[in-house]
Amino acid sequence: MTSEAKPDQMAYYDREKLGQVDLRPGGADWMDVPVNMRPGSFIYPAKEKHLQYFGLPNPRQWFPTDPDWKLPANWKEIIIEGMRERLSKYRSFQVFMDICVRCGACADKCHFFIGGGDPRNMPVLRAELLRSIYRREFTQAGKILGRLAGGRELTVDVIKEWFYYFYQCTECRRCSVFCPYGIDTAEITMMGRELLHLLGVNVNWIMEPVANCFRTGNHLGIQPHGLRDTLDFFADDIEEATGVRVEAPLNRKGAEVLFVTPSGDFLADPGTYTCMGYMCLFHEIGLDYTFSTYASDGGNFGLFTSHEAMKRLNAKIYAEARRLGVKWILGGECGHMWRVLNQYMDTMNGPADFLQVPTSPLTGTRFEHARSTKMIHITEFTADLIKHGKLNLDPSQNDHVRVTFHDSCNPARAMGIFEEPRYILRSVCNHFHEMPENTIREKTFCCGGGAGLGTDENMEMRLRGGMPRASAVRHVHEKHGVNHLAAMCAIDRATLSTVCEYWVPEVRVTGIHELVTNALVMKGQKKREVNLRLEPIGAQAEE
Amino acid sequence: MESGRREFLKTAAGAAALGLGAGAASFVGAEALARSRAGQAAAGGGKRYALAVDTKKCAEREGCRACIDACHVTHNVPRIENREEEIKWVWKEEAEWVFQDRVHEYSGAELRRRPVLVLCNHCDNPPCVRVCPTQATFKSADGPVMMDPHRCIGCRYCVVGCPYGARSFNWKDPRPYIEHVDPAYPPRARGVVEKCTMCSERLAHGLLPACVEACAREGAGALLFGDMNDPESEIRKRVESSLSLRRKEHLGTRPQVYYTL
Amino acid sequence: MDEQLQAKRAEIVRAWVERTVEMYPADAAKFLLRVNDPFSNPVGTTIALELEFLFDALLRDVPPDEVVPRLDRVIQITSVQDVGSARAVSFVFALKEVIRRALAADRADAGLLRRCLEFEQRIDALALLAFDSCSRFLQRIADIRVREAKRRVWSLMRMLKVDWDHLPAEEEGAGG
Amino acid sequence: MRILVSLVAVVALYLLAWVGVGVLGLRTLFGTVLPYAALALFVCGVAYRVVRWAAVPVPFRIPTTCGQQRSLEWIKPSPLENPHTGLQAFLRMALEVLFFRSLLRNTKAEVRAGGRLIQGSSKWLWAGALAFHWCFLVVLVRHTRFFTEPVPWCVNLLAHLDGFLQVGVPAMTLSSVVLLGALGFLLARRLVTGQVRYISLPADYFPLFLLLSIVATGLLLRHVVRTDLSAVKEVAMGLVTFAPSPGEGAHWLFYVHLFFVSVLLAYFPFSKLMHMGGVFLSPTRNLANNNRAVRHINPWDYPVKVHTYEEYEGEFREKLKTAGIPLEKE
Amino acid sequence: MLEKALRGSGKYWGLVGFLLVLIGAGLGCYLWQFREGLQITGLSRDVPWGFYISQFTFLVGVAASAVILVLPYYLHDYKAFGRIVVLGEFLAVAAVIMCMLFVFVDMGQPMRVLNVMLHPTPQSVMFWDVLVLSGYLVLNVVISRVTFSAEVKGVAPAAWIRPLIVLSIPWAVSIHTVTAFLYSGLGARPFWLTAILAPRFLASAFSSGPSLLILLCLLLKKFTRFDAGSKAIQKLGVIVVYAMLVNIFFVGVELFTALYSDIPEHKHHFQYLFLGLEGKTMMVPWMWFSQTVGMLSVLFLLNPKVRQKERFLALGCLGVIVAIWIEKGLGMVVGGFVPSTQGSLMEYWPTAPEVVIGLGVYGIGFLVLTVLYKVAVSERELEEA
Amino acid sequence: MYDGGKVVFGLALFVALCTSPLWLSVARGGGGAEAPPLQMPAPAAGKCVRDGEWMRNSHMELLNSWRDEVVREGKRSEQLADGRVIEKSLTKTCLGCHTDKTQFCDRCHDYVGVKPFCFDCHVETAGG
């Protein structure tokens, strides 16, 4: 197979001959089955320039279906040393390598396994990919007994397998919820990817955003004037919809609040409407805030790369807050961004002692739970506003919306923010329905595109992974006529739009603050006849 | 090890029997079963022990408790005064109550008030054995209805089922109520049912039941013990030749304690 | 014929499911079959459930409008299981071979061949439906792909006043 | 294959002990040397493993949150699923360790007619695991009657309650029966459930077979073969008083039992059984989710290369200016 | 599923706490009884069975009454019971557990209880009773689990459950029949020696069980968002009325037979219960109270207009339960022992520890019921959310 | 972050628990290693009904089977291999030789933590 054939080209399909079937190998276990790089399931490698710009090793041209991946000569040594180093730096890694009992509780918790059936997508086996090498190289039993003790030789095929499967994990942590020891496959995948980076084995869909983010402050590479234009453009749309002209300050020194949101919301539909939602809300309550072009992305693809990359990209937020002299930071609706902000930012780039404990200027609520990091989630902020009656809301403006809420993996399982968004949704929509309980809150299903998998070339993989989520959406669609899926994560908004289009075309994806603003009665607004998407209100109901 | 295995097999057999509904028929046929068992015993030349009470002779010795005391001392029967919890193997009751369907308003006062020795009737068709859910009470081959206190779960179904009130339940630990414990015969624990065993432990050693022996020793001669399967036995001849009564004959329990009035 | 097939229904469906699952990557296929609890693997289960229905539908000669939604469920899943379009529908043809094998013992029956051919016509009809369904789903994926790409740069395109109308229309009957 | 290897290993161990004691009469080896060695390996091994884990830092606070965080006053947090304080994290761990909280959450993905994907609740693994671990503990505590003189009253009481139902002589203990059943269940699910069978290694079957053998020999010794208990206790007390006794009166099967236990002890620190210690050290469970309130320190933190604002402004100065965005240096 | 019982309101935990206190007290008294023997109860040589066994008898009826929902719903497809049939099964589970516990606490040697199974004795009705009760428990646990979890998942239950459901219908009848046989097969006790005992038990079961269910449904309606639906409740009300009428009729038949035949050994027991014998009148007020309340309740409920008012329905049901609880739970068992086989008159009244142990057992049963209902109601609330 | 203190504390607790029998026995002065001496019957009493080793292991089984045979089957005596005929009785036969229950039965039972319920009913010593 040549590297040119891509799944979206007819040439790819032509190669498959009718009736050609793989015979099943008898009795072999997974270690004996070499990975089969199937287009549609893997992501293209990183381009050299991005690695070079960001300073990662072994930039070169290669393709996953190539027999030779042009690894460094001492690749094996690099991996072993890399593992040794990480085993001594991360207790999670060391402990998770040692204590799995293979009880199988995690097996059917992974959306990729449920939707695709590939056994190596069972979380336990994903970890065994690394664990088998760990046993062979780092435990006496594995050195002596080898295969009997569950160890195996580190070969190039193993590296290929790692590449294939560690980029089929969205680090959603759903398996970790069910594991009796809390073994977190996200940690395993992060370690696996860090090791692959040492060899220059990485994917473009992550490395390009990382390089972009490093340079321009956001993953999409939006440059300052571009952001200015975008926000002004949003203001135009808002004026068209509401009759109110809102401002979007950029890099304004002395503002009280620095607002950071994922850059996807500046560019991609339907995240843009959520961004407009923020702007309306801030305007309406008169918040003294500013966007930043330097820290123009709260999202952090460094999380999908390595701890170091994460720290390098994240440093901008505090730096910018210090430069602008704000009092505290407000974060928009995003998933993995909040994993970084909640669990890593303060440790990596803190302490933020130059900031003040976030305090809502309208309600006076001090957000004590963020007293160290000094950054709060927009739904915490908005829920507090609504609770104190600071917003004039007319939920009937959302009456054509029958909404369900998708808990995004990271805010759910790395933060525990469940009630705030629900409280907001119930306040701004009259028709809110939960999906089946084993698919929401901490048991929520991933969209299938997290952790840097939301690209085009692995579309089939994503659609498979999105199937469990889509099944639950379809259930509430059929039962309650749900037609909107609200998600507070930029990746969700992008990926679930696609997933829903395939599995439940009747349901569209929206953000929380899009709905908030659609229900918000703004001072000086004209009669609201269209929503932020400039669609007539109630149009859907008539359809 | 041998007996362990046997115990295991028994348990297994018990468990297996649970699965069989076949037992359903057997409680209907319980009487027939008992009958044929008795028959077998007779055919095999087995013994069928019985007791005959001459109430008249007994009543002549007013206040005599020789048989009762002998029994209760031999078997470590506790002396509990509280009537609600008392334990008795053999005792006296007025004829009016013992023979409710034989004594009537014109029966003489002496007859009606006559104290009659009562005890377990060792029925041929004992309801207590029928109802016991664990076979803790069972009918031995030579007649006596036996109690296995090791197996008794204390459900008291037999107490409910016995028409003669012959069974006593240990409502509390009997030990403090036994004046003098005879180590030769184990007392019972609280929580099990007990009753007259026809002194089977004495019979095994060729002795007469304690009550009969005591009665003879006193010279009253009111109690006669013997084998009903032996046509030559004294008791068989006595029962054959004189009109004797058995308690609550209409219940079909076929008691093996015979009374002459 | 139908009676013979009816009699061997369980055997044929089982073999058909096996053949269908074979189009998975090798270890997944092995896994899907080895997991004999039908509910352990949703994908395998869906396939098994719907193939059973489809086989019965073939026996009863059910009208297409009843068959298509059930066929869609299989194809909707197989279309994204990193197999090609040809493989995604090949399972229908596999039934022919499965049936031939199942009826191999009755070869002496003279009329069998004729009726067998009749039945295979039904299978061919199903295959046509399957192609149809598959192309619909592949088309949907292609559309989605384009729309997703457009969505990614939506605000740019709006700012640049790109004409939205040439985007693929929402699928008919999707009701979105 | 993986099953067979483990089974053969256990049978080999059995034969080893049988030949060793039953044929060769190596009572000192099997009754004294090996148990001491095994215990030493166990205690030191476990301590070594735990110390090694503990020597690895926890650079980041990464608890998996399974309930509402503590945020706004009027939103009820779930302290046991999403602890905010150390005490709450401790309680979460206690629930995890004592009642297997996470397994209680278990679901099973199923597809039902109509292609509906369902995540139904599934508690079998939880129940089986809980039954096994608790009964194992009870059995262990009961066995301290052999290692203590006089036997503590609590051990006697436990044994009495455990054998409350008088079945057989000596009475069958409930814990052993449930233990055997639970082990059987855990083994059966590894053999029968396709997913679990697929992921199982010899290291998963071996401990199960070993534990089953321990329970089986124990039950045999108590109910079928029978051995002189005071001889057994002499061996055990000889070990704890450092005055080893050959235990001539004990049945050879007792040495098989003891040998299996020794093997288990010795095997423990090198195996997945170390989850006993590891569960306490799992960073996704034993930490409070209070990162935003209390700063967590990474001991090996190091400075990284960042793209500073000055560099950024330098690169985009013109564009910033055109867009009318304020600059640091005009 | 089960984890639903771990989250609840303050009221829920209050109830659980209250039941735990009851259980604790009961357990304490039971330990006392275990040490001292059954002497701490009011039982005696002449009245060897009392409070425990009569509660057992009463609760067997409650357990059997689940059939009143299962039969119309599964065999006649009576949809209105769809929402509450599982409540009936849960009630049966809790009731059977209480039954078994009441038998257990009544034993002199509880640690030998397994002897019933180790030495199976088919000619003993008690053996069969243990068998049918355990079977009924297993049936109801399995059926309610399978059907309810299927309902929660929104799918049809597995096909194999249907034969079990059908089996559970005669089985429910059998538990009360066998329990009646426990009494009516004894020549020694003329009071119970009546063929109508089993039918009488069933009639009282089918009035008291559904009455309890109605009360529980009304409580659920009041304190939770779960509404069984008035159609189902009204239908149950009708069943209560007719079953109670039949029950009263049966009692009348018994009274006639005993009194008109004038056979002393039959008549005396009724005399004792309703008039007192030789100055022993402890039961008399209770029996009259029971009969009066029973009659009044049924007359009250007979009027459809009254029945349709849920408040009155609740009152009537409460009356029925009280009437039958006294009739069956007090008169039926104790009446059989007075006068005794020897004609002696020893009265019985439960002692305080005996009652506390009984309350403890009720506590366990209602705890099981509370937990099961909590799960059911939470799942239903989720479904309807 | 290491949480070293907590780990060490936990580990110390674990080691202490694992090795507690050792410390307990040291604290008690190391006694109890040998089974307590049992008071054996006078030689005049003759041989036991089974050989000594068998009795040590399985006497409970013998008593159990005696119990059933005597009570349920009425088989009260047994002929031993050496021709002696003995009565199957705990009180009469066993305690007839082993006259002091506390010095024989109880010592061993206490040592191995066994609590038989035979003596709930059966009387221990003649005349007791």
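Each chain carries a letter (A, B, C, D, E and F) given by its place in the written order, and its residues are counted from 1.
By our rule, a contact is a pair of C-beta atoms (placed from the backbone, for glycine too) under 8 Å apart; a residue touches a chain by one contact, two chains touch by 3 or more.
Since this is a predicted model, take the numbers as computed values, not measurements.
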Shared chain contacts [chain C and chain D, defined touch]: A
Nearest-to-centre chain - CA centroid comparison: D
Dominant chain pairing [most C-beta pairs in contact]: A-D
Between chain B and chain D, centroid-to-centroid distance (C-alpha), Å: 59
Chain A and chain D: spacing of chain centres that average the CA atoms, whole Å: 33
Gap in Å, rounded to a whole number, between the CA centres of chain E and chain B: 37
Geometric centre distance via CA averages, chain E-chain C, whole Å: 55
Multi-chain contact sites of chain B, meaning residues that touch two or more partners: 1, 4, 7, 11, 189
Junction residues of chain D - those touching two or more other chains: 53-54, 57-59, 61, 105, 108-110, 113, 116-118, 120-121, 166, 193, 195, 198, 226, 281, 296-298
Shared-contact residues (touching 2 or more other chains) in chain C: 31, 40-42
Footprint of chain A on chain D - complex, ascending: 1-2, 5, 49, 52-54, 56-62, 64-78, 81-82, 84, 96, 100, 102-103, 105-109, 116-121, 125, 129, 189, 193, 195-196, 198-204, 270, 272, 274-275, 278-279, 281-285, 289-298, 300-301, 304-309, 312-313, 315-316, 319-320, 322-326, 328
Of chain E, residues touching chain D in the complex: 1-3, 111-114, 118, 149, 152-156
In the complex, chain F residues that touch chain D: 1-4, 7-8, 10-11, 14-15, 18-19, 21-22, 24-26, 28, 30-35, 53, 56-58, 60-61, 63-64, 108, 110-115, 117
Footprint of chain F on chain D - complex, ascending: 39, 42-43, 46-47, 50-51, 53-55, 57-59, 61, 144-151, 155-156, 159-160, 166, 169-170, 226-234, 237-238, 240-243, 245, 249, 251, 277, 280-281, 296-299
Complex interface listing, chain E residues touching chain B: 36-39, 43-46, 48-49, 103, 106-110, 112-113, 115-128, 130-131, 182, 185-189, 265, 337, 340-344, 346
